[in-house]
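Some notes on the structure that comes next.
Note that the chains take the letters A, B, C, D, E and F in the order they are written out, and that residue 1 is the start of every chain.
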């Protein structure tokens, strides 16, 4: 019934490729089916101005889509001279999700900037970006540990994200582009390894959704995130 | 236990003042306690370029805070030359919420722009903006009906919004500024008159929130929105 | 003969409401008839970069119109990404007018930023903004005196402003919107409590104005400003 | 007593060089002493969007200072990405002054853009720009008459401008840079050939100025403009 | 003697991967050693405004580096709100190079936009971008031929590019990052399949270069481009 | 055969006028025929942020065209809010050319900013700008020597520039505007007094150019630059 032939609780194949580029402290190419996002984590020995001399670090994210990662070409944001609201919204979400599992004091007065650039879009780019960014962040902070800049990893949790929705009246997991445009509800869920919610963003595109639909979607999200956490651990060789 | 002395399921006093300014087709000053937002709805006989000649209208929103609506003065966005990510995120949320109750085809090829300007901020500005905007939108489309531009109101639902959160371990309704900075979870809920969800945006600020905490918060939101819908109806004399 | 029925030397009713919002050190809602401007004064413990370490303070102003404060909606300057020439011109005028009555050395190395936001426009917004800003500035510097940050008020004068013009061949006081579009000459006059001129900006919209017309306008301005100075004193309880 | 040794009612030497560059329909290099402004008038067969299909033309101006036209180098506005408030204020003034002597309907649906670029600044750049722009505008509209695009000149008046001020207690004509910084009052006056005022912009830099000082300044402005009108006529060979 | 151990006339291994992403009409990942650039060609059924209704098409290019494609992270141009001079310079060069082999009239009134995004930078990104863009352009126009939008390919030539330089006194081919910073001269050469020059851009970084050095560099460029043209043909299966 | 009647190896008359404006440390008006560029060099006692505390200085350039320096008026870059790619490209070229003959350590921690503003354009503005800027730079550093800020000139070479091209099948020197649009190849060459190349930028506008055409163009450039170096020396009274 789903355009891809998947069952309602079935995720697309997830692939995680570490060390995709050579300069970044963490560099991960993640794929949720045809959606491919390059997540690189850069360590910088400085913090934003408002955090100076406070003994704490910072983790932040930036997001972008290559102009032709989509079906029709979008304007290059650098050429238009500003980032769209959607872009800012997504990069704020990624940053919050990563900070939710990071002890900023243990990180010390430095920052990790995670760049999430979508090479190919097919739905769910922000959820793939969060799941991939976590791996890039792990690699970046591990490089600090290896260089003995910090004693141990400042990450106190694991984070992954998936979208769920109501498609043709049924709750489904991990919407792809073909479903996305038609879904009645679209919800992005970010969870940690303990099953706790870090972020929930649900939008009724068609009719408003009921409490029981919400519950069904959250159950699916729980299942999907568990699979993603496993895929992350496998990629990390943990 | 709450700084304001309110019980956990108690909203701040809500005031809705219609026809606050004279030029706009809809103009509402809404207060949730000390939070005061001016919502004006303007009817324009044109639609955005990408919607031209499609026989449908559009409802959109813009949001701004007066520089000294807050405890310390923020930069004026017009002077800085760009709107912040938070601003764009909020105005997109307001627009989606209003469109969720509007039949855009029945509106015809015209748009209603709702401006939400925060005169005084004390927590929950986006939720007050949504609740107030709905009234301004009602007044704007009623003016079109009165002028016989359209035959009947294109609004097929009613929408209101409130924030909920977990404050010192307890689920509370309608966070004010004093609670907001300290809350472990902050969630904005937009609902319609049938109890359906139009938008849910929940963020764990401290520890990740559990499913039972989510349920408690949604129960409170449901109660709060019901009160707000009543206040709206009262203001509309319905 | 005037659209409002006023006599040529009659101002619109002036209302001054202090402490309109709660965060700002000075907050004044001023009305000249239907023109309503919110003036808030914020004290900041820093000065612009070019004034650092010079032992002097600064008073500056920013001006904005809410998008639907006018008959038809104007673009939000924050969304367009720049302030119009008219806006910059007006805020520079307000800043100069306030500095003309302030001893910047006595203020010490801090600045007062006055935000003038037009809630409803009906002609004369810049003159109302100046008259209201003066009260907000008084309240702001008084708060510094009360906190013993400075010993006495650095204000050595009082300032108010009104527009005058030639409407249908006759000099008139305090042009409203209906007159403004049709006036042959439009002049904004800023004066102090000693009857001295702080600023005169007169523009011939139709035919060039003669010296005798100028004199008639300045006589009216003098009358109007005297009334405004009284209204200010009354509001201040002086 | 004036730094330049001039008497209080004495202008700096004025030079007007027509046809200074070869491409523009009007091109004038004007000097008021060491102040040198290049004014070029360009005819364009289009009008601003808001004036389309109204059968009327437009005259507008743009102003800029070369970065090192001043004592110390200023940032290039093109590199900073925005024009300063002062720049916008001046170019609006020049445009209004030129439109005050132009019959826009007789000009037809086309526009003249006058660019005023300051090659060397020594006080009074905006007044020199207005006086020089008038000549450039004459040359531009004459080229339209010669090409029989319009039947006769749409200019119904002549315009020139000079600054006056109060320097060390005395009213003086045509302030140069050495006086400008120290002047107690600085006023720019734009007049036509009939002695009518097109624009008056006076600012008290030190103490507020009195009515008698204003009168003395206006008398000087009248004298100065008369000399400028003669210089213009001489340059035009009229 | 070269850091990479290559001989002076030896290029880095070149890899060309077609159909790298699925949405674009042409999509090529090209590598010159560790330098990797994604080139996508998008066909758009419109031309820039200045080319409308002229019966001709357009080919243009945009260039960007992912923030962490380099040794240390650079600011994201979209976030800074403008493209750097270097970026604009490179994308203009790519566009000119592609147009040099395209018959714009045969293309018809449509445009091909080629996006060159650097995933990993190790010297020579602009030359790799040109060589890869040519393949993407071929694939894009072939799709138009296949769809019978145009009858035959509007490309009348083949284009490739390589850098040459003087490194430690010797002319070398295809500078990598390690050489680039230290090279005395750096020259980018764009040539066609007939050995003609489309573009030469040479810069003395240390001492000025002599005519004999220029000749040696151009001989190397000729050799390098010949190899690149072969690699292109191989990738195209020609 | 050339529109100007010049022989193929003949430059336009070159005029160099020093001390053209009075504020700048170096101020040169240079003309290549009808092309006129004002080059002013400003000494600033600071360096760009990335060069602070490194004991070295900087020489940089900015370039602009007055809006009506060209046949038809171009938008003012300050009003559009950004500099075009062409502008950035040219100012980067001028800066590199000047730095190629400057010992930045001998200059000490200060910078010279050279502004090149085109008063009238008739082809070759960037080459005239480089040749003129050199003189302005000489005058600026000499002023530092005279004031004993530095002991001797930090300039270790002389630089000039000319364009060459292929026009109607023949290599020609110093293209003017009439030739520029029609030339098959356009090349800007920057050389020093030893005949070494500082920069070569050649573009095939029509067919690709051959090696023998390149050689012929470089011979002409060599001749032209020799004449320019003499003209520079004459202007400097050397």
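We take it that a residue touches a chain if its C-beta (ideal position, glycine included) is under 8 Å from a C-beta of that chain, and two chains touch if they have at least 3 such contacts.
On a predicted model such as this, the values are computed, not experimentally measured, just so you know.
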Which chains does subunit B share as contact partners with subunit F? none
Give the fewest steps needed to get from subunit A to subunit D, where each step moves from one chain to a chain it touches. 3
Taking CA centroids for every chain, report which one is farthest away from subunit A. D
Remotest chain, subunit B as reference, centres from CA atoms: F
I'd like the Å distance between the centres of subunit C and subunit D, where a centre is the mean of that chain's Cα atoms. 28
Subunit D to subunit F, mean C-alpha position gap in Å, rounds to 33
Note: subunit E sits from subunit B at a C-alpha centroid distance in Å of 50
Two or more other chains touching the same residue: where does that happen in subunit B? 81-82
Could you walk the ring starting from subunit B, turning first toward subunit C, and list the chains encountered? B, C, D, F, E, A
Note which residues of subunit B are touching subunit A in the complex, please. 82, 84-86, 88-89, 91-92, 96, 100, 157, 187, 191-192, 194-204, 207-211, 214, 218
Which stretch or stretches of subunit C touch subunit B in the complex? 21-24, 27, 34, 36, 38, 40, 42, 44, 62, 64, 66-73, 76-79, 81-83, 87, 113, 115, 117, 119-121
